[in-house]
């Protein structure tokens, strides 16, 4: 079994083929694999299906996001909880590509997105959820009444690659997340054939993390890249608060 | 909001009514709430439905287990992964009550049991699983073919009370488990209306446990009881290896 | 509409909603106006703020210079933690939501109907929208409270007889705080729980698209 | 059946199965004979032992006096941890199993059929049984290996044309180690991969309920 440490972000994403399905951790700044996204842009794979909470671009300063991969023409489809901004005055960079039909999108409630990824990792092919019943998203779809309440059938969402960002890792691939860095990262790791983590601190020897404290077991994590200090490495920035227009 | 610390195991189980459904953490010795089980025996509630990995009694020394509650006539039904021993030479104390029809049983594969409890806690009323397809347990039940594979429909398993055992807790009810103590405890906590934990170390002030390290959030935990040292409190014993007959 | 200036400020709307939280409640705060609730003084009530991204037990917005850039609320703002806090991953966070542990979710909205329907994920133009965790929260929290401006920027009512925009969930809204007061969807119309300081019933009636009921 | 004494010991059966584990495999060991595999010297292969109760990366049985009473394998025996170990809860442990991460599960069995069916949860008498994690593992692991005595105590074959006992899963068994050797279910019969030391083909044929095939 070869070691899991890769020398660069470019090396860690080098084998990603055109047409791959990739999930990206992150909710706002925390836990977003900025460096791997930038490497994928550089790599140039096309026809990708991308899964994340949002396509990005709503917050400033703008960091590498799915919208940038869309702008570079690398993306066929996105699956996410936001294809447009929630504020009427905002416009996401992604929106115009979607409106024009250049890129497909599947809009999924955030909890359903998390659960579909979890299901993929847990060998559950489908499940029922109360979310979105009675809305436009449920139109024409299979529902079922259980104990008097109506539920929507949802399917697992497996992915080829997951891009993660963690605070700490050991050589076995065990990951620790700091605070709300955790978000989608653990479930995306379990849903992926190959999970790649960018890691903020120097990789620890196996055994350095308390087995009771591990957030994501190394059995789910295949590649690790240490993030260099800025400016070579990308790190969360303090958000610039927008002035309400 | 009153405090969560209870002065005794008896006080922590005092309100449990006849007919309640109760889940018990534990896999072999670790994480089994021996003291709460003993208190429930003393309490005397009857007509109970009990959920656990096993009815107990296969290992020595014997500790308080579901089988003991069955022997005291308190139990209507058990839901578990073992209603009989796996070794032909062993007989579980529970088995004769089941064979005679005094107590009902629902035999559930261990992973399905864990997932049904998790589903109850996660607001998922039903899900599909490949487990038990083609076996006696699937006879007459609803299945569905998804992407060419056959799956069995399973329903959530909510419970009234969960009995847990943890290494450490804070006053908010956050729990930490040591090693394989964890087992069913976290999912049973989420499946329960009221979760009661027996705790091995003195209860810590809220804030003493790193938020990133918490195994079960206090939002799921309603009552805490500190376990006194032996002999007043019950603690895991070194298992006596049986000599193969 | 000259009364609007006398109504609740943004923070007052949040404070008014926060005053309704029961002791011991687990409260989910959505992006925008609702996040202001975590700055409200809640006195000696124990309130646990939950954020959809898996933070249980957060507190006020972090003071400048004291931000942890890896700790944010639903709106991406850096917050603080209160004693007893815990962090879980996204699937576990929404398990908490769908599992019925959230006593109330507070959200912003574009429209709310007298029957308790509400809309907050698509503004009408174009395809797609921004659902985030709103549909899970709306379908599964024990109560849905809204904080919203009473009218649109062009002056059209947001409290309406029936939603024109695609709904987020049906029949779930229990309480609405606007700059003009506090309202309850009541089937045929909205019940006025309270008027904001300096706001008269006529002004509310003029700004509301559905009847006001007793 | 006098050859049986010359066959594999219990630890040898486990060693023989462990020799088949590939480098980097995640291996689940069931209660009974399979747990002996974690004591086998695996040389420089990286093997991760998973136990259904949520332990990832355990090692040998703990030495007397060094047991952690809160750390057990599937059989309830106190084990040790290897560097890189992690603990998860039961639902996450079976998510690993159902999710297809287990390269091989090693189990005991009462019966195995030539078509790969096997039975290990009910011994035939009475109601109920002991399923444990066997059905999840059998349905979802990439491979199922069995370690079992070749015949019952009364001498009846356990390798049979079709299971008489209720099955745990159908068509999943890839390899069977018994005291007499190493066998593969091959549809019409069992292929003999290897004979145990001192065991002849005639003795195996006499002790096996299904044909032996090339």
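Order of writing sets the chain letters: A, B, C and D. Residues in each chain are counted from 1.
The rule is simple: a residue touches a chain if its C-beta (ideal position, glycine included) is under 8 Å from a C-beta of that chain, and two chains touch if they have at least 3 such contacts.
None of the values given here were measured: they were computed from a predicted structure.
Visitor: Counting one step per pair of touching chains, how few steps separate subunit A from subunit D?
Guide: Minimal hop count between subunit A and subunit D: 1.
Visitor: Taking each chain's centre as the mean of its C-alpha atoms, give the chain farthest from subunit B.
Guide: C
Visitor: Report which of B-C and A-C is connected by more C-beta pairs in contact.
Guide: The greater number of contacts lies at A-C.
Visitor: So what's the Cα centroid distance for subunit A and subunit B, whole Å?
Guide: Chain centres of subunit A and subunit B, defined by C-alpha means, are spaced 34 Å apart.
Visitor: Can you check how far apart subunit B and subunit D are, centre to centre, with Cα atoms defining each centre and the answer in Å?
Guide: 27
Visitor: What residues in subunit B touch two or more of the other chains?
Guide: Correct list: 115, 118, 122-124, 129-130, 177-179, 182, 211-212, 215.
Visitor: Return the residues of subunit C touching two or more other chains; collapse runs of consecutive numbers into ranges.
Guide: Within subunit C, residues 81, 87-88, 91, 94-95, 97-98, 140 contact more than one other chain.
Visitor: Testing understanding: with touching defined as stated, what is the shape of the graph linking the protein chains, line, ring, star, complete or other?
Guide: Other.
Visitor: According to the definition of touch, which chains form touching pairs?
Guide: A-B, A-C, A-D, B-C, B-D
Visitor: Within the complex, which stretch of subunit A touches subunit D?
Guide: Residues in contact with subunit D: 1, 118, 120-124, 170-174, 190, 205-207, 209, 211-212, 214, 217-220.
Visitor: Looking at the complex, which residues from subunit A come into contact with subunit C?
Guide: 27-31, 53-54, 59, 81-88, 95, 98-99, 105, 107-112, 114-115, 117-118, 129-137, 167, 177-187, 215, 236-239
Visitor: Can you check the complex and tell me which residues of subunit D touch subunit B?
Guide: Where subunit D meets subunit B, its residues are 31-32, 51-55, 67-72, 76-78, 81, 87-91, 93-95, 97-98, 108, 110, 120-123, 126-136, 139-140, 166-170.
Visitor: Under the stated contact criterion, what part of subunit C meets subunit B in this complex?
Guide: Against subunit B, subunit C makes touches at 23-24, 26, 46, 48, 50, 56-57, 81-88, 91, 94-101, 140.
Visitor: Name, in rising order, each residue of subunit B that touches subunit A in their complex.
Guide: 115, 119, 122-130, 144, 146-147, 149, 151, 155, 176-179, 182, 211-213, 215
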